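To keep things simple, chains are lettered A, B, C and D as they appear, and every chain counts its residues starting from 1.
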Amino acid sequence: MRYSYFPGCSLKGTGKAYEESLLPVLKALDIEVHELEDWNCCGATAYMAVDESAALKLSARNLAIAEKAKDEVLAPCSACYLVLRKTQKYIQEYPKVGGEVRQALQNAGLEYSGNVEVKHPLDILVNKVGLDAIKKRVKKPLTGLKVATYYGCQIVRPYSAFDNQARPVAMDKLMEALGATVVHYPLKTRCCGGSLTGTISDVGLRLVYILLKEARKNGADIITTLCPLCQFNLDAFQDQIKSRYDDVTTPVVYFTQLMGLAFGIPESELGLKRNIVPAEPALAGKV
Amino acid sequence: MNHNDSKPQAPWEPRILAIFCNWCTYTAADLAGVSRMQYAHNVRIVRVMCSGRVDPQFVLDAFARGADGVLIGGCHPGDCHYIEGNYKALRRSEMLKRMLSDMGIEDKRYRLEWISAAEGDKVQRVINEMTADVKALGPLNLPGRFKDWDKEIAELEHALNGKGGECCSHAKEVSR
Amino acid sequence: MSKPKVAFYWCAACGGCEESVVDLAEDILGVIGAVDIVMWPVAMDFKRKDIEAMEDGSITATLLNGAIRTSEQEEMARLLRKKSQVMIAYGACAQSGGIPAFANQFAREQIMKYVYEDSPTTVNPEKTRPQTHFEENGRSVELPEFRNVVRSLDQVVDVDYYIPGCAPSPKVLKAALEALLSGKLPPKGTVLSPDTATCQDCSRLESKPQDLSVKEYRRVHQLKLDPEKCFLAQGVACMGPGTRGGCEAACPKGNMPCTGCYGPTSKVIDHGAKLMSSLTSILEAKEEAAIDTALKGIPDPIGTFYRYGMSKCLLRRKVNL
Amino acid sequence: MSHHDHEQKNGTHGAEEVRIGVYVCHCGSNIASMVDVEAVAKFAKDLPGVVLSRDYKYMCSDPGQELIAQDIKEHKLNRIVVAACSPLLHEHTFRNATKRAGLNPYFMHMVSIREHASWVHTDRAACTIKAKEILHGAIARVALHKALEKAKVDVNPAVLVVGGGIAGIHSALTLANAGKKVYLVERDATIGGHMARFDKTFPTMDCAACILTPKMSAVRSHPNITLWTWSEVVKVDGYVGNFKVKVKRNPRYINEDLCVGCMECIKACVFKEPKFTDEFNQGLSKRKPVYIPFPQAVPPVVVVDPATCLKLKTGKCKQTCVEACGERKAFDFEQKEKFEEIQVGTVIVSTGFKTVDPHKLPLYGYGIHPEVYTALEIERLINASGPTGGHLVTKKHEEPKSVAIIHCVGSRDEHTNKWCSRVCCMYSLKLAHMIKAHTKAQVYNFYIDMRAAGKGYEEFYNRVLEEGVNFVRGRVAEVTDWAMTPEEEGRLVLRVEDTLAGFVRRIPADMVILATGLEPQPDAQDVRRMFNMSCSTEGFFLERHPKLAPVNTPTDGIFLAGACQGPKDIPDTVAQAGAAAAEALALIDKGHVEIEPNTAFVVEEECSGCKTCISMCPYTAITRDEVKKKAVINPAMCKGCGTCVAACPSGSIRQNLFEDVQVLTEIEEVLVRES
């Protein structure tokens, strides 16, 4: 398997741990990835809200480049995944938008015919590689580790198709394949606070609190997620939350970090040290 | 009986033949009447049970007999009283349009319209539009053209045996 | 008593019809034995004056092939009509214009200009055109007039019978001659060939599904033709269903679809329109775009549906020339 | 015109001299005011074949018709042309008048100079010319008309009813009571359909079993009804009055005539405990491999499920059931599927509906949270003969403190079905009322709009309101088990925007009931094809006319009853079943169907057997005579559209009243300009 890897800004910044854990895991499964040449901003949230047309053009530039590379695009960041897929859909379904975007690309000497798929690593791992292949690769099963799987909103809504939008299960199956115990977690796709944690923190932090509390209540040792923003929101404000509400401290890691550990990849190579709430205590003895 | 023999009518009025299906378009034409919708008097309506009955031969013959335009009316797709007769009409029509333009007959002289029994107003609109279109194009007058084309043989015959006029089946045909 | 006189004549045609008489093979001897041939351009050297010298009606039958394109052909047709008891339009061109009648899609001037000026193989810097009348030191030459319209024989003279085909098959010709000589003649205007369509004689008919619906028409060079299967079932336009029998499905036997040379059956007044009607009716598509795509395989409807019958198209000719 | 057509034309009237009588109607002033009727009549006089031409005030009046009759006798007229209103209005009137005078009615041709002339033009001169030309076409055409007879086809008095729900049961009984032979074919092991699963029926709340089971046993005992359960119609040939139907009877492994329904075998089955999903109880209980769907099943005969029966699966079994059956010897493990061929004249299709599969809407948590039920499951739970003996309890056998009913599940919804299922509001009210009666639970209804349009329905709604059932107007966003407050712990929570209160609410419930909507049966399309019907875009069978022919289909002799035509409650279903039966009876008692003679026919000696026409006919009226290798048209099945005529490449198919030469002549003559 071969993919064009679109890291987006997060995986080079706040979400570095995601990249650090994703790449070795893919390698371990013989999935070849090539970072998309000269990629640019996916056009996400703020830009999309301010100037949709410009955002779409920006996003489409990545697709056009990817099309040249002839590989499917791998977009680990939920926002990138959502926006790239949205762009595809808009170009396809709204001739006017499509026309404008194609024109813009032409001016930049690029073209996009629509023949490139945008995939999320979770989709690839569960549906293409397959759980059996993953099980085979597990060296240190996460036996006894109680995991709450948190998907956030963008990975399932509205343009994704690889999992149940109301009740996604892909990551649950994956965790079980790694030997972990998945705890009941009804808030899987509830809002992580998004940018509210930075803007209206009363609201933002309360949302995060609800998520952490529910995870704790259901006996989770650890929360695993697949979105850089979710990971950041849930991980970064736990001391504030402790002081505002009560102690719901729970480490929040990327699903790829847990995979790495199960595959026996050294902790040091999985960016675990970047966690603000250290994951090591929760993991201690279980891996 | 050939209209070219009848004294010239001024001003020229186009002659449009309409073939309407019994269940939708003919009924719609009745509705237009009942609703007293005024429209151009240039159309002569012939009733068939289904637009699927319309044989392209009818259309060509109509033109050959002096129609300046031909209008076919049937039920909307999916509403055919005979389930799919109108699809057959549409298939023939698509090819007929190409043949007519290859034969030098302007597109606007032939038209296929789906008009449901409820669309009296559409009958009015379509007939008025088509009459205006055909008026703008001017007479097709094939019987007249046939006669002109046959002058060359009529002349020769005259030269050969001093008899004028109608020698051959087509000359006869023209003068029916 | 003298043998019945028979004349063959050749107007706007390829010559195949003349040849087809020879296709009678040994039967030709029977014919030659039974009749006096008074004219046969391809085989014998009779002159127009020989015919003119004959009494009106002294020829039992004339089998005239070819369409009427020039004044000279027209004159000969009239002359032979006058001298003959029975006038037979022989072959597709005489019956309905045939291949020459494709010229009815063009004006005389277009044709002249192309032939004498524009055609790539023409070198004619002075743009010389043939003249119908030419004089030089007292002597004058007449050339026949090139007509505006290519006509079937019956559009020029009264025709008694038709023998269809391009060219007519020996079997059809033989049957016609026998009828002629035996004097057992059908009603005037009859086409001397079976009045049922070619499918009846086609070995492929049974391979045609009852509920045939054609996805798209394709041209013979676009697929490998199945030697047994009905052409329409292969999505190839075949004129067999709408074309008079008599050829015994010769073309399908040779793995080529019927192109309609035997003309329509007696109940059809416009061969092309009828063929088109049936071939489009059996399409699968249900809306314009899809139908047009399905019909891409018939790029030239006139050439396909009126290949041998342009003169007999109800419109007769491209109308705006 | 080519010489061929001359032949045809002469051929058509041959020796007999054509004597046409022309009648131009004034229609009071309706026509006369805009058309110079005298001039038109005068013009017609001089046309070939016309021996007499009149104008008259009201042609459709008795004296007007009488005038035609007299003229036919006095002037030996053999063709009649009436120029008046639309033939769609009065063609039959003048055909009858013609017939009364002893002339074949199809020698009368009628054209409209009112709807198509006087009513749509204002220029009297132009309108008069138009009238003349229309008339000219008619006169030329009528000369070519032929004498035609309406074909009569006898109607086989036997009726096939497909589907044994309340609709099928009611129409079967109605017909049987009228003394007609009825074949009732049901796919399940018992008749009764959905209604047999209900506990009570709204709004009267009478018990479904009490009103249904008597009818079910009546079906069984009725001498005129042949009941085939566990059977399916697999093939239908023929046409109105004469359908040939093939029915597949699946093996029940029980000889129906020998089994008395004592159920000893069920007790004796080697499976001591029931352990297989009980379909009738919506999987809320278990059954054994040999079972009877429910106590009052009709026929009261057990059925063996080959998928779970040891004997049938493995061949190895003690067959204690057979022992228990003993002398009756009702068991027959060798039974194979068999086919029955029957002849019927009419068919009533009452194949019913299916309910929406709530798995399609994961936000409601069906299949995820055990306490989310479909309404049909609750019908069973609340039913005295149901798995809990009529006690509404949770899976933990506790009585619910709060029950939520979500309306419009799979109805009025872009993601599933756009249509309103018509019954959900009412059965939700019914369930609410019953839950109130059976338990102390708080009951919530979450609705979009309350649709209680029916006799006594609105009153029932009010009654339920007064009983203190809560109504929340809003679409439920999700059913979750995420508890925010201790009070919510261990319960389900419905998150919903209360559009009347104007805020989002969280309402805890112990049981959630999904009011699933009604859908076409999954195999509706196959059934449609088999009976040559059509389906609406939703997939329900399409009636011939939504108002004037609601139980007819485009195919004569095939009628619709019940929810297969669209969502319907029991009263409407039964009413429609009665109507369908009446339609069938009308055909049967007439004894024959008359078929308009404007049908197509193949001229055998001209046909090459090219098969082009066969696929043209949506009614399969055209077949190929494999001996003669020619096409044949069954006039009884031909509906007279003429599509095959236009498609016949050799012109070998003609359509009565619309022969090429007739239409062409009309076209040619209306195009001749009159002054």
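Definition applied: contacts are C-beta pairs under 8 Å (C-beta built on N, C-alpha and C of every residue); 3 or more make two chains touch, one makes a residue touch a chain.
Keep in mind it's a predicted model, so treat the numbers as computed, not measured.
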Exercise. Imagine chain D is absent, with all remaining chains left in place, and give the connected groups that result.
Key: A | B, C
Quiz item: In this assembly, which chains make contact with chain A and also with chain C?
Solution: D
Self-check item: Centroid comparison with chain C (C-alpha atoms), farthest chain
Solution: A
Quiz item: Whole-Å distance, chain B centre to chain C centre, using C-alpha means?
Solution: 29
Practice problem: Would you mind pulling out the distance in Å between where the CA atoms of chain B average out and where those of chain D do? | Solution: 40
Quiz item: Taking each chain's centre as its mean C-alpha position, how far apart are chain A and chain D in Å?
Solution: 52
Practice problem: Could you give the separation in Å between the centres of chain A and chain B, each centre being the mean of its C-alpha atoms? | Solution: 67
Quiz item: In chain D, which residues are in touch with two or more of the other chains?
Solution: 1, 3, 616, 643, 646-647, 660, 664
Practice problem: Find every residue in chain C that makes contact with two or more other chains and list them. | Solution: 268-269, 274, 277, 281
Quiz item: Of all the residues in chain B, which ones touch at least 2 other chains?
Solution: 55-57, 61, 84, 88, 92, 169
Quiz prompt | All chain pairs that touch each other | solution = A-D, B-C, B-D, C-D
Self-check item: Residues of chain B that touch chain D when the two form their complex
Solution: 1-3, 6-7, 9, 13, 15, 17, 19, 22, 26-27, 29-30, 32-34, 36-39, 41, 44-50, 52-58, 61-62, 65-67, 81-85, 88, 92, 124, 169, 173, 176
Exercise. Can you check the complex and tell me which residues of chain C touch chain B?
Key: 71, 74-75, 78, 105, 145, 147-149, 151, 154-159, 268-270, 272-274, 276-277, 280-281, 283, 285-288, 291-292, 295, 298, 301-302, 305, 313-321
Quiz item: Quick one: in the complex, what on chain D touches chain C?
Solution: 1-5, 7-8, 603, 605-612, 614-616, 624, 629, 643, 646-652, 660, 664
Exercise. Can you check the complex and tell me which residues of chain C touch chain D?
Key: 189, 195-200, 205, 208-213, 240-242, 245, 264-269, 274-275, 277-279, 281-282, 312
Practice problem: Show which residues of chain B lie in contact with chain C when the two form their complex. | Solution: 55-57, 59-61, 63-64, 77, 84, 87-88, 90-92, 94-96, 98-99, 102-105, 140, 142, 145-146, 149, 152-153, 156-157, 160, 167-170
